[in-house]
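Some structures are shown below for you to check.
Below are two complexes that have chain A in common, paired first with chain B and then with chain C.
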Partner chain A sequence: MERWTRREDERLLTGKGRYVADIHVPGCLDAAFVRSKVAHGSLRSVDCAAARDVPGVVGAWSAADLPDLPPVPYTLLARLSTEEAVAGREWPALVKDRVRYPGEALAVVLGEDRYRAEDGAAEVTAVVDPLPAVVTPSAALDDSVRLFDGLSNTALRGEAGAPIDPAVWQDAAAVVEATYRQQLLMPSPMECRTILAVPEGDRLTVWSGHQMPHRLRRELAALLGWSADRIRVVVPDTGGAFGSKSAAFPEFVVVAYLAVTLGRPVRWIEDRLESMLVATRGRGQDQTVRLAADAEGRLLAYELTINADVGAYPHLGVGLPMQTAWMAPGAYTTPHVHATLRSVLTNTMVTYPYRGAGRPEAAIAIERTMDLLARRLGVDPIELRRRNFIPPDAFPYDTPTGRRYDSGNYAAALDLALETVGYTEWRAEQARRRSDPDALPLGIGVSCYVERSGGEPGGLHEFGSLEVHEDGTVTARCGAAPSGQGHETVFPALVAKTLGIPEAQVRLVEGDTDEQPEGLGSFASRSAQVDGAMFQQTAGLLIEQARERAARLWDLPVDKVAWADGSVHTTSGDSAVLGLAELVKATGPLRVESRYEAGMAFPFGAHVAVTEVDPDLGTVNVLRLVAVDDCGVVLNPTVVHGQAYGSAVQGIGQALYEGMTFDADGVPHLASGFLDYLLPTYTEIPPIEIKDTCTPSPSTPLGAKGAGESGCIGTPAAIVNAVADALRIADPDLLQMPLTPDSVWRAARAPKHEEGVR
Partner chain B sequence: MKITLTVNGTAHALDVEPRRLLADVLRDDLGLTGTHLGCEHGICGACSVLMDGEAVRACLVLAVQCDGRSIRTVEGLAGPDGEPHPLQRAFSAEHALQCGFCTPGFLMVAAGALDADPDLADKPDAIEGVVGSNICRCTGYEPIRRAIARAAREKRETTA
Partner chain C sequence: MKPASFDYAVPRTVAEAVQALGDTDRTAQVLAGGQSLILEMHLQRIRPQLVVDINRIPELDGMRVDGDELRVGALVRHATFESADAVPGPLGTLLSRAVVNIAHPPIRSRGTMAGSFGWAHPASEWCAIGVALDATVEVTGPDGARSIPARDYFLGPYRTARRPQELITAVRLPLLGENTGVGFIEHRRTHFCFAQVAVAAALTVTDGVISDARIGLVNSADRPLRARAAEQALIGADFAPLPEGPRLPDDHPFARAGRAAAQEDAAPLAEPYADVEYKRQAIAVLVGRTLTEAATDLRSRLAPRQGGPR
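Right after this comes the complex of A and B.
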């Protein structure tokens, strides 16, 4: 095993990985969906007759052909939605009478392979009468175009914190205001969505690249009217997820329903074109902010107003903007914070968690506004932050928005980031360039973020077990389902360390609802924080059971039996020692089940970007990016740093390159796929340095907080602040992500702020 | 249409529809599922394989265009005794993969570059060009660059 850094590596590097599309099931049918070309319209008719005559096509159906097809299930998990938001706004798995987002499925064709299925799909005809489309919350808010007749587009209103007394603003020495657009992003895992449904007897086995197999099992069982034990969900290798693979999507409903109805294996392997059109989006908020400070730069009040784009159906993610509201205060002791939001339906595919999921929107808003305030006050943005950080001795800290931060040392992370980047030297270089008319302007931007990891109350637990075999090996099981996080390496190492046995003796089984009857899954950066703490606790329970068994065997009180290095022994110093294998042979099978509930954790960090801007070309050249993250106790630095690096690059993507754009009819500009939606490639990667500080979480004995979303949360504001600093723009609204050459060129021509003028 | 496809040294006589992509024939007809489809429009490079030693996107090549050609896929990277290719070892050592979906494509474009240029280790720009030709959403690329450079150095040392 030493040859490979991770246990996952050997199979993934030799072509032996097994993703859903790699699984060969004889007689399996491929599904292809016929998709709406318009964003919004009334469906008049769908004709599948010609498709059914295509060679190799097994069947073709519209909603009218499948009256019993269940709708898409919604979840109230983690307050992602509410009954009130969902009421009267059913999401049909195939369009019944109204198209509400471009690409919404009008019909499905099953073929002997994907080629045949697409041949059939090409023969399906549909008549849709177009309606005006609204693709931003601002456009949808006034209800002049309604997605559901008789119902407002505003599906949910929420708030965190209390309204701020107008006197606070009037009496403040400085008040700054801004509007920010958090653009719609595509999570874009390299493997698109997948599902393979195989009926066997009275059961259904579902293979899916998925983050929450038990939720998928529960939702599929409910929509089929089955008991959950009749469904087995298996998650094989999964090619990335980033939050986007945890639901039962419309296509999943259709595939499971048809597999059961026909009694045949059916699969849907989403292609990239479909994914870009109809996979869930992330972010999507129009924000306005107001921040007040006294003359010494102490923050007095912060107000965040959010109009969130939740897409065409409120089932999923309608409550996601609450994450932004709850995290609005960021790292500061602002006494009054009030965040309000409206979740607004638009003619786009639904908004859903994407790496960061509500926290980037909060961090970007406050961190951009801190720089704005620093410019207004004429103080260094670093100094302004230092004056307002929640101090290390103030934890646990209750924010005005109802969060209780567990632990933190924000100044330490910022200090390390500044030292690493060489802050003083860069400020000197900036000054030099400002006096040199030929030099390109240079800017330095910081972003000090706090995020929340693990999940929300009610979803902070995980299930697992440890089973000892007669050869002394241990099988660890849990409800998680990874998509690149290295669980097979990290969890066995943790269990082995806790038990004091060699790592090679422990093996992990996960992502299979038959192996592990209950589970939550992999989301909210919970691998180490929740699953790790669960395994640590379970290993402790195993040790206790082993001691009790040995005590009975040796006829001793339990306190005369101790555990060390994978063995029980007596404390009296005689020669009685039993290893795990001998203990199981002597006393029978040993399996410990557990359910562990962690508290919420609040990772944090400081990111610093140095950028050079060409005002004539509008290009942004990131010269340096330093990311200091604190996720408490780190189980595997290689894995955590790898995630931090990749996450930072996704953060660069949001800042500079990625974003959905639409034509006047609400159809996304995607004709050229990844040439229209620009994911960062190696060419766009600046020198990045990842460092960390360690402030353990007091909410679990393990002390780990969530890792992996840090870059998406911390990096974008650092880059935007650096560009604003380089251009010295007076109006922050001119810089909206992504900072394309066009937008930067325009911003470079706008009036500049004057140093030190309040 | 009848074609002969030599894949990882083994000749296969196949009867394929002219429209079928090389990637689909490799995966579905030959069961070589190590070649992954990431975008199917030639951008991401996850499906990259070597055709007569040159990297191609298997989603942009029809199988019939490969008649009589020699194809190398990720399954053919390891030595005949199963010894991992230097790139495979270097990718693991540098943690150049997370979910692993794009990995076979990166391995194959890098393998093509290594075979074509024994002095690749001395050409950082060329290595960067190789890394820049494909998309990875997990790693942020730098570990992939380090892995290719490491394998290139190792290869030069063993052949010097």
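Right after this comes the complex of A and C.
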């Protein structure tokens, strides 16, 4: 095991991982879906007859063939959405009469394998009368094209903070305004979505690469009209999720329903082309901002207005922009902050959490605007931030938007980031280049973010247990479900350390609802923060029980029995010592169940990017990226830094590469997969340095905050700010992510800020 | 992402391959490296009824110098050209500078130059070099073998003068003399994707004057393009010193050639993230830079012989 950084690595890195598609169940049928080629239209008819004649096809069905097929379950999880938003806007698992996003499933074909199923799907014909499509919130907002007849496209209105007195803007020494597009992104896990449903007697076992197995069990039980104990959800090895694998998707509903109806195993292994069309999208906000400061650069007021792209149905994503509104103030003491939002339905696949989930949109908006204000005031952007940081002694800090930040030392993170990158030296290099007409422009951008981890109230708890076996080994169980985060390494180490036993003696079991009856899952960077604290507490409970048992065994008061290094002993100094194995042998099975509720935590950090721009071609070259993150107490630096690195790369993706364009009919240009939707590859990754500061969270005794979403939240604005700094761009609206060469070339030709007047 | 069902033939000779392709009852595709064909079949944008796999035809493998030409057999993989020494003279340098822009190493170990000519993607590096250098495409069909000059070969995106029953057996490229300098520069959003624009250039200097210029434009029209107006702007010009800094003054011959290529030669098509205006800008910039690279290459080539400073 010393050869591997993490326990799971030997399996995952040598091809021994077992993913859903690797699970062989005799007689299993593969599902292929017939997908709409139009973004919006009225479905006239679907004809599956020819598909049923294809050799190897077992069946083909449209919605008309399956009148009892349940709809997709809505999620009001964590009050992010409302009953009003979903009322009258049912999401059918197969299109009934209206196509609302490109790729929406019109029919399903089951075949003996995926090849046969696809051959069958190719024979299904459908008649769809196209309707005008709206693919941006601004296009959908006026309701001239409605996705649901008689209902507005605006599914939710929300706000955080109080409206700002107009006098504040009038009296301010400086007011800056800008418009930002937070483009739609694709989570792009290596493994696309998967489900394998196996009926066994009166039960159904569902294998799925999933972040929330207990929620999937609950939702499938509800839609089948079953009690939850008849369904077992198992999450095997999962190749990434990034927030995109926590729902019962339309295809999951169809697969579970058909497996139960036919009494046969059925699976759906989403391929990349399907994923391009119908995987959940992240981000998708049109923002306008206004920020005011006095002559000394003290922030006075901040206003953020969001038109959010929710996609075709009001699922979880409809409430996601509230996260942006709540986190709008960022790291600053701005006395007045007001964020308003409209969640608008569009003819795109639904918007959903994607690594960062609402917080990148908030951080990018405020951090870009801080740089804009600094240019307006003629002060260094670092200095402007320092003047306005929430000071370390002000925590817990209540923001005007209703958040209570738990702890922070924002200046310390920024100091470390600047020292690491060599800020002074880069500024000198920038000055040198500005006096050299042949030098490429160089820019330095910072982004100081605050985010929220753990979840929202009502979803901050987790369940788990520790069980000691007769051989002294310990099985740890919890409701988390990893998709690559290293739980098998981190949690056993934490339990072992708390109990004082060797790590190898602890084994983790998770992602199986028969093993762990209740659980929430892995999302919102919560596993270390919440499950970690739960295990620490549970280990403490285990120690207490062990002491009580030993006290009874030895007929001593409990306070005469102590715990050290995995054993109970008496405090009197005699030789009585019992290890865990002996204790269980002497007193019977020992299992401690636990439910632990954490508080929200607010990780933070400072990211600095140095970029060089080729103004003639518009290419951006990131010369250096430094990410200083503070996620409180770090359980395993290798795991946390690895996640920070990957997250920073995804942040670079949003800043420079990832995005989708649409044709005139609202269909995204994604038909060639990753040739159309560009992820940063190895060649594009700049030198990245990851460091951290440690400000423990007071919300749990463990003190861990969420890690792993930092780069998606902190990195994009650092890069955009660096490009704006290099080009001295006066109009911030010219730089919209992704900063593609054509857009940067155009921005480079625009008036510079010295000359520009707004 | 599964291909539709297809028949599969594995001929052992060119004659057998031509016979297989001659079956007009079935739409056929030739499989060499599969770089594009396999993807397109998975996407079902191509649904051949017959795939003719030519990988076991020994006579199609191998590359040789034949007179003043390089003959590249249909099974010669991209990776062959990664070393500048694989091909004599400046042509080897040009091909080695271009090849690293084709996909990535695993694909370069399978994909073939002849396959690129067969597929005729407007963003193909090889095809633009082919039209710039007056390459020849050798094909064999039911009526025997014929040679098609590159200038007559490309008819549009994925459209060529090759008839469906003909097999490309080789591509011939003229060797370049030692008084020729070469350059190749590609511009794309990430290393993974197709070129937004790329430029191949070969500059020949005789007695201090540019006596020949060859400029190939990648993804600057619906087919690979030779920038003849830009070439004409250069021929006869003094092989002048390069500017001190990295930027060309507007009145430098290379900058003028760049503008000519962008405005007169290119017929760019808009793509997501690259409209026509941006593509013309990128063509002008890249032509100037590639000519600079070619000039630098030529100076370094001449310097050892002259024994003077570079």
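The rule is simple: the second predicted complex is superposed on the first by the 754 of 758 C-alpha atoms of A that agree within 3 Å, B and C clash if a C-alpha of one lies under 4 Å from a C-alpha of the other, contacts with A are read in each partner's own complex, and residues count from 1 in each chain.
In the analysis below, a contact is a pair of C-beta atoms (placed from the backbone, for glycine too) under 8 Å apart; a residue touches a chain by one contact, two chains touch by 3 or more.
Predicted model, so just to flag it, every value in this text is computed and none were measured.
Novice: Using the superposition on chain A described above, determine whether A:Trp169 touches chain B (first), chain C (second), both, or neither.
Specialist: Neither partner.
Novice: Looking at A:Leu617 after the superposition, I want to know if it touches chain B, chain C, both of them or none. Which is it: first, second, both, neither?
Specialist: Touch partner of A:Leu617: chain C, not chain B.
Novice: By the touch definition at the top of the document, which applies to A:Thr681: first (chain B), second (chain C), both, or neither?
Specialist: both
Novice: Given the touch rule stated above, what does A:Leu273 touch, chain B (first), chain C (second), both, or neither?
Specialist: A:Leu273 contacts both chain B and chain C.
Novice: Considering only touches as defined above, state whether A:His24 meets chain B (first), chain C (second), both or neither.
Specialist: first
Novice: Would you check which partner chain A:Thr661 touches, where first means chain B only, second means chain C only, and both and neither mean what they say?
Specialist: In the superposition, A:Thr661 touches chain C alone.
Novice: With the two structures laid over each other on chain A, which partner does A:Tyr115 touch: chain B (first), chain C (second), both, or neither?
Specialist: both
Novice: More residues of chain A are touched by which chain, chain B or chain C?
Specialist: Of chain B and chain C, the partner in contact with more residues of chain A is B.
Novice: Report for A:Pro437: first if it touches chain B alone, second if chain C alone, otherwise both or neither.
Specialist: Second partner only, chain C.
Novice: Under the contact rule defined above, give the chain A residues that sit at the interface with chain B and also at the interface with chain C.
Specialist: Residues common to the chain A contacts of chain C and of chain B are 115, 271-273, 672, 674-675, 679, 681-683, listed in rising order.
Novice: Going by the contact rule at the top, pick out the chain A residues touching chain B in the complex.
Specialist: Touching chain B: residues 3-6, 8-10, 12-19, 21-22, 24, 113, 115, 188-191, 237-240, 242, 271-273, 483-486, 638-639, 642-643, 645-646, 648-650, 672-675, 679, 681-683, 685, 688 of chain A.
Novice: Which of the residues in chain C come into contact with chain A in the complex?
Specialist: Residues 1-2, 4-5, 43-44, 187, 189-194, 196, 244-247, 272-275, 278, 281-282, 285-286.
Novice: Inside the complex, what are the residues of chain A that reach chain C?
Specialist: 114-115, 118-119, 122, 271-273, 437-438, 616-619, 657, 661, 669, 671-672, 674-676, 678-684, 740-743, 745-746
Novice: Would you pull the chain B residues touching chain A in the complex into a rising list?
Specialist: These residues of chain B touch chain A: 17, 19-20, 24, 27-28, 31-41, 43-44, 46, 73-75, 77-78, 84, 88-89, 91-93, 95, 97-104, 107, 128, 131-132, 134-145.
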